[in-house]
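The letters A, B, C and D name the chains in turn, as written, and every chain counts its residues from 1.
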Amino acid sequence: MTDLSRRLLLAATGGLALSATTSFGPARAAPKRGGTLRISVDQAVAKLNPLLTRVNPEYLVAELLYSALTRLKVDMTPEPDLAESWTSSPDLSEWTFVLRKGVVFHDGSPCTAADVVATFTAILDPKTASPARQYIGPVAKVVAKDESTVVFTLSSPYADLPVMLANTCAKIVPAAIVSAGLARLDREAVGTGPFKLVSFEPERLIVVARNDAYYDKERPYLNRVEVAVYPDPTAEGSALIAGGSDLMLSVQPTEYARLEKASGVQALRVPSGQFCNVNMGCDQKPFNDVRVRQALALTVDRPAMVDLVAEGYGTPGNDTPLNPAYHFYTELPLKKPDIARAKALLAEAGYAGGLTATLIASDRPATRTQLGVALREMAKPAGFTINVETMPHATYLDQVWKKGPFYVGFYNMQPTADAIFRLLYTSNAAWNETRWNDAAFDKLVGDARAVIDEGKRRELYAEAQRLMNKDVPSIIPVFFDLLAAQRKWVEGYTLHPRGAVFRIDQVSLGDGAQRRG
Amino acid sequence: MNVLEVRGYSLDYATATGFVRALDSIDLAIARGEVLGLVGESGSGKTSLAWAIMRHLPPRAREQGSISLAGQSPMTATEAEIAAIRGRRIGMVFQDPSTSLNPTLTLGQQLAEVLQRHRKLTRRQAWAEGEAMMARVGLKQPANMMRRYPHEASGGEKQRVVIASAFACQPECILFDEPTTALDVVTARQILDLFAELQAETSVASLYISHDLALVSRVADHVAVLHRGKLVEQGEVDAVFDAPREDYTRRLLAAVPRPDHRLVSGKPAAGIEPLVEVERLSVHYGRTPFLSALVGRRTAQVAGNREVSLSVRPGEILGIVGESGSGKSTLARALTGLNRFEGAVRFGGRRIAGRRDMDRAYRRDVQIVFQHPDSSLNPRQRVREILSRPLTLYGGEARIEALLEQVRLPATYVERFPHQLSGGEKQRVAIARAFASCPKLVICDEITSSLDVSVQAAVVELLVDLQRRNGTAYLFITHDLNLVRQLAHRIAVMYRGELVELLDIDDLSTTGPRHPYTRELLDAVPPPREYKS
Amino acid sequence: MAELLRRLLRTPQGLLGVLIVGLILVIVVCGPWLAPYGPDTLAPRLRYRPPSAEFLLGTDQYGRDILSRLLYGARSTVILACLATGLGTLAGALIGTTSAFLGGRADEAIMRTIDAILSIPSLLFALLIVNLLGKSSFSAVMAIGIAFTPGMTRVTRSVALAVTKQDYVNAAIARGERGGYIVLREMLPNVVAPIVVEMTIRVAFAVMLFATLSFLGLGAQPPSSEWGLMVAEARRFMHLSFWMILWPSLAVAMVAIGFNLLGDGLRDALNPRT
Amino acid sequence: MSPSYLVKRLALIVYTLFVVSLVVFAITQVLPADAAVMLLGENATPDALAAIRDKLGLDQPVWVQYGHWLWGVLQGDFGTSLRTGQPVAPVMLEALGRSLTLAVLAIALMLVLALPLGIIAALRRGKLADLVVSIVSYVGVSLPEFVTATLIVLVLADWLKLLPATGFVPLTENLWDGLAHLALPVLTVSVILVAHVSRMVRSELVDVLHTDYVRAARLKGLSRRSVLFHHALRNALLPTITIVALDVGYLLGGVIVVEEIFALPGIGRNLIVAIQARDLPSIQAGALIMAATYSVVNFLADLAYAWIDKRIQYG
């Protein structure tokens, strides 16, 4: 924790310094009301249905229109949203959430426990195919104790449930719609969020307006928010500089320097657990041999990677998915390139003559290919011949992802260590990309879930990290800082390390703001 | 007082290899009401002279001597002045009305614009005047003709319009550049009559350029013979024709085909089984193909053949005459399997009812020679390959050199490409190709019409010789009556796709033609005047 | 041939075109030997360098020497473009000539269909095909080749149609030659000239189409130094180093201009009127 | 202009669309990547996939699917987007509208610039003016759109800050703002068009100036000007009509890039997105609409052609 806040102070932008300790959002003079904020995003908002959102722009819109039970603070701890408070049974296998009273959906109907239950039933139904299904933990069943109390029964103890319920896809929707068919939510939005949907053009512009019936009487300050889609990053940056937009949700490392220099623009940056890695299929040759994986890991010059892949806006990775942005990060000596050692390991593994492999990288985002190309060159001296093959994201998902023996992955930060481990590395992981299937590791992660004691958990996770660092199921050479930019007149926006939390309801427009709408 | 006077005029064109002389110290003069016929073969410099007089020369031209129009010299005039002279004081009639008229403007517009430009008439006046002119040049319904577009008028009508606009401003002098060459015999005749009429009436000074001696002898008072840029002979028509001084002139005159002067002796044995019998052969160019309709180009409505029946005896020369579009070539194409046809062809006892039946033997025995040697010889093939094909196809034992020798070309030509040969030589190669398979029948489709008189004479002579040696029968298609009367045994006259008359050459002179069209045709081209050789 | 070359060099476009294309070919042939550095040697500490004595054209996001990359890249760029064009031309020439020779209904059916396919914009067509074949230089070549085919067919056919009207084809038919001979020996040689012109110009388009495909992430793939890809990649770093995008853009433009000029020069040289 | 011709011509358009639909459908069917997977993305579970496939009829034989699709199209139903769940047709038509706005403006600008340039070049053939014009046009045709676009954005938007870099505002919403946003894309597109067409005009005019009837006109004593404007130009411009019509094809497809860079949600960009997402209904509808527009425009061009050049009477 302390470690994180120090790092945040270093990269302090906006009100971040305070935010870490006190409640989310900066303390500032009473914010101005009204005005229209234009946010630019780099991808279309294809999915309006909050249970099915997949990418940041969709998360943003969902967050504007809907509320979840809890939401993540910048330190990755949960704070109340629709749920006022929560308690758990001593064994962590049953959680009770008490809902806010008098909350209404955009259509005026009250939001009660029934809606919460209906929502989670829908989420847990595989036919819905909601991403949340794998994220919210071992939820066995959800029942309404009364109008405003919901009880989650888990199949196994789980300490992180309140955090996980803040999941981007766990937004509460009306029971009526769930029973009538979720398809309706593809076109319209009926939520309890701070804003109401005005117009929806997936490829171009999404407009929302203040929801006067929002449960928080203070917020939102803005009357209107426009989410504009800019497929081309350069153009998006130019738009911000020209005052065409107020807030650029995410900035490519290559654009950052330019935006930093631009007048009237404030560049935002926060370290995060977002990383790019090289997945190796541990269940097949050649990567089933731990020495091969270690050898490859030893060829990587990690600080150089930070420059090459993240333009320096990042931190070197150490082959574990945790970095200082995570609560349970444990510092280990950073691996240094050691070609001689790598050669030796390869030889032991029986590849004295060198090893050839094809590294597949999806074309989105471009950093995947960048990592591949850099690795290719770094690994050469050690006798690796790596052919980088870029393919369309669609083809990648269909043919390589979760199947391929050797490909580049890219992940947002997860709220907890447990989440990221169980998403990618345990044998029962939702996306078991490396098929590492290490019993010891599974046990460590499993045990950690059921422990409340901070120190004990930290110990378990530390061990897990050491294990990964040694066995290298995947090479994690670099973590990205999250980058964004805003006009100076935008007040109260904080860049959240999770990358999927935005809190536009706290944003207001200062003096000199562009008049819009 | 001469209207047009050219004195010691020489013209050179600058080329990469220095200057090339196009005209060499030309002297000629045309007085009011006089017609000077300028005769010369292609490349003799006729047209260059016309351009020079019209002051339409490329920048790379270099001139000496003088040209004067009624005393003033246009050579020193500015562009504006020249523009004022052209069409106003000196008009011009071009060879091909179909290309010299703007396809996207009505005939009326193109006539009226001259009047507006030179006689400063208002649009309306010009239009009225234009109609009058149209009527004057003998166009029926002038008003309607004014509104037509070139493609909606016949060649004759178009040429009349061109003539009308040449005479429009009563110029002092008019240049006629082969005004009838692109037209049918009969139409040509009418145009000539019109010319004579207007000439007499306006007594304009005319320079009549042509390659056709016979024709010039009829229209001109004076004649000038141009050869390789030099005027070899000039004088009264009678004088030149009766007593040509230069032997080039003599050769030209000798080359002019004369019906009474037969080239073939005797006639094929009658009674014997004919070589080819064409039985009620019809060809339809009915529907315009869907495709061309879509692309918007309507294929010109060519008359096909309607139930044509005729026969050719072995060794006989059957001449086929008729205006363009009368179906002459259609017949030829049908006989060589280039058109599908109805009816039948009986050849060597076999009945051929369609292209399918034309087997190798038939194709070997029936060969065709086309009008334009440039298009009938593949420009990318050497003479060797061109001639070797029929040999490989029909397995004739003849050698290529022999074939060339047969058409009196040096054996060294085998390695040449067509573009390295002259027009006459090309046609000879085409002929050699046709004879390679020792055919029984050779169809000659206007094979001389694209050649100069002298060359034409030589080619004809070659054909006659070949016929004498190999006893080959010819289907000799031409529009030149005098020529066909020189060498055909029988003449078939075609009109609008039908065979209107088929008469023996002797009957032509004795009993004379029966069908009115045949008569019209004969009247159109009276035999050229005799001259003492 | 020598004659043609002389006529070619006489026109300014021809001369310039020959010079540029000649230069390009030189680079294609011996680029790698001229290159001062390897095309993909990383230099993490020498990134985004402006032109200097050390790196004549500067370095890119990996600290690679741009000049060397251009010199190496010439091969893939030009050769691929020519390959694609050649492919399209070959297919087009065959279909077009045959169609024109067959004439009538067959010709119509073929051309209608070709037109139909022509109504799909070639870039879109290429996109679909690349997505189909998976992205790689090879499939880009195929895509562009196929995308060019209908157009080339049209061109060829119109030329061939003019040729079929020629009497030497009639003569061949009257002789009873076989279709194959007529198409290959009598027609094709005469159809070639205009096609060569069209082809040269299309090489220019091919180069640009490649670049565009790469820009859309569907052409050549990193770390290839295909010029179009270099431009496409450089776009993202435009604001960090202007040189990165400048040089390959110029290179692409140069190739395109060169072939355009050459094409027009050829047209004039082959055109009797001028 | 016989009615039978019109009928034929329309029949032809229908045939065209049929072929296009076949080709596109064939291609999309074999595109690597499963529409269902695309639909559910990373979170697809086998049973969910099965459900979707069943819903979309993806497991039926191809020709059956095509039949369904075609039948739907005949009833004006292009299906709903796999990506957004929105009905395809309206979205695509709206996009088409935007693309056409771009196209029309670009063509207008092009005509204003290209014709004079071409004419000057032709008249001053081989002179300096000709050289300048042709150099300009050579550069124009030789720069890929995305390069021109990038440079234009860099200069006009980033450095001079004259115009908005990107984004799209419907003209109906705010005419001036809309035009301002369209300015750069239109500029980019017309650079290429101007280059292309001015060369076209030049060469055509040069040819026409060599024809007999132009010479004849000169020899009738008409002034240079009236020969040029009255005789030469109309004939020279005829083919240009066709070229412009053909360029509409390019405009619709080729501007994909331009639309991508300028975030102009035209049909081109919709198609790219659709292709990337394997959104089959959108791909088919988009391709079909493009082909249709293209055919119709060319049809109109032919009519215009026939109207000007009286030689052509379509039978």
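Basically, a contact is a pair of C-beta atoms (placed from the backbone, for glycine too) under 8 Å apart; a residue touches a chain by one contact, two chains touch by 3 or more.
As the structure is a prediction and not an experimental result, all values here were calculated from the model.
Trainee: A-C versus B-D: which interface comes out with more C-beta contact pairs?
Mentor: Here the pair linked by more C-beta pairs in contact is B-D.
Trainee: When the centre of a chain is set as the mean of its C-alpha atoms, what distance in Å lies between subunit A and subunit C?
Mentor: Taking the mean C-alpha position of each chain, the two centres sit 45 Å apart.
Trainee: What whole-Å value do you get for the distance between subunit B and subunit D if each is reduced to the mean of its CA atoms?
Mentor: Centres of subunit B and subunit D (C-alpha means) sit 49 Å apart.
Trainee: Compute the distance, rounded to whole Å, between the mean C-alpha positions of subunit A and subunit D.
Mentor: From the centre of subunit A to the centre of subunit D is 40 Å.
Trainee: Averaging over Cα atoms per chain, report the distance between subunit A and subunit B in Å.
Mentor: The computed centroid separation for subunit A versus subunit B comes out at 87 Å.
Trainee: So which bits of subunit B are touching at least two other chains?
Mentor: Where subunit B meets two or more other chains at a single residue, that happens at 290.
Trainee: Which subunit D residues touch at least two other chains?
Mentor: In subunit D, 12, 32, 150, 260 touch at least two other chains.
Trainee: Which subunit A residues reach two or more other chains?
Mentor: Correct list: 234, 392, 395.
Trainee: Name the graph shape formed by the protein chains and their touching pairs; answer line, ring, star, complete or other.
Mentor: Shape = other; not a path, cycle, star or full graph.
Trainee: Between which chains does touch occur?
Mentor: Touching chain pairs, listed by label, are A-C, A-D, B-C, B-D, C-D.
Trainee: Taking the touch rule as given, give the residues of subunit B at its contact with subunit C in the complex, in rising order.
Mentor: Residue list for subunit B touching subunit C: 289-291, 333, 336-338, 358, 360, 363, 367-368, 370-372, 375-381, 389-390, 393, 433.
Trainee: For subunit B, which residues are in contact with subunit D within the complex?
Mentor: These residues of subunit B touch subunit D: 54, 56, 79, 83-88, 91-92, 94, 96, 99-105, 113-114, 117-118, 149-152, 162, 165, 288, 290, 293-294, 296-298.
Trainee: Could you please specify the touching residues of subunit C with respect to subunit A in the complex?
Mentor: That would be residues 40-42, 44, 47, 61-62, 131, 134-136, 217-218, 221-223, 235-240 of subunit C.
Trainee: Going by the contact rule at the top, pick out the subunit C residues touching subunit D in the complex.
Mentor: That would be residues 12-13, 112-113, 115-124, 127-129, 131-132, 134, 204, 208, 211-212, 215-216, 228, 231-232, 235, 238, 245, 249, 252-253, 256-257, 260-261, 273 of subunit C.
Trainee: Can you list the residues on subunit A that touch subunit C in the complex?
Mentor: Residue positions touching the partner: 233-234, 237, 252, 254-255, 257-258, 301, 304, 307-308, 311, 363, 366, 369-370, 372-374, 376-378, 388-392, 395.
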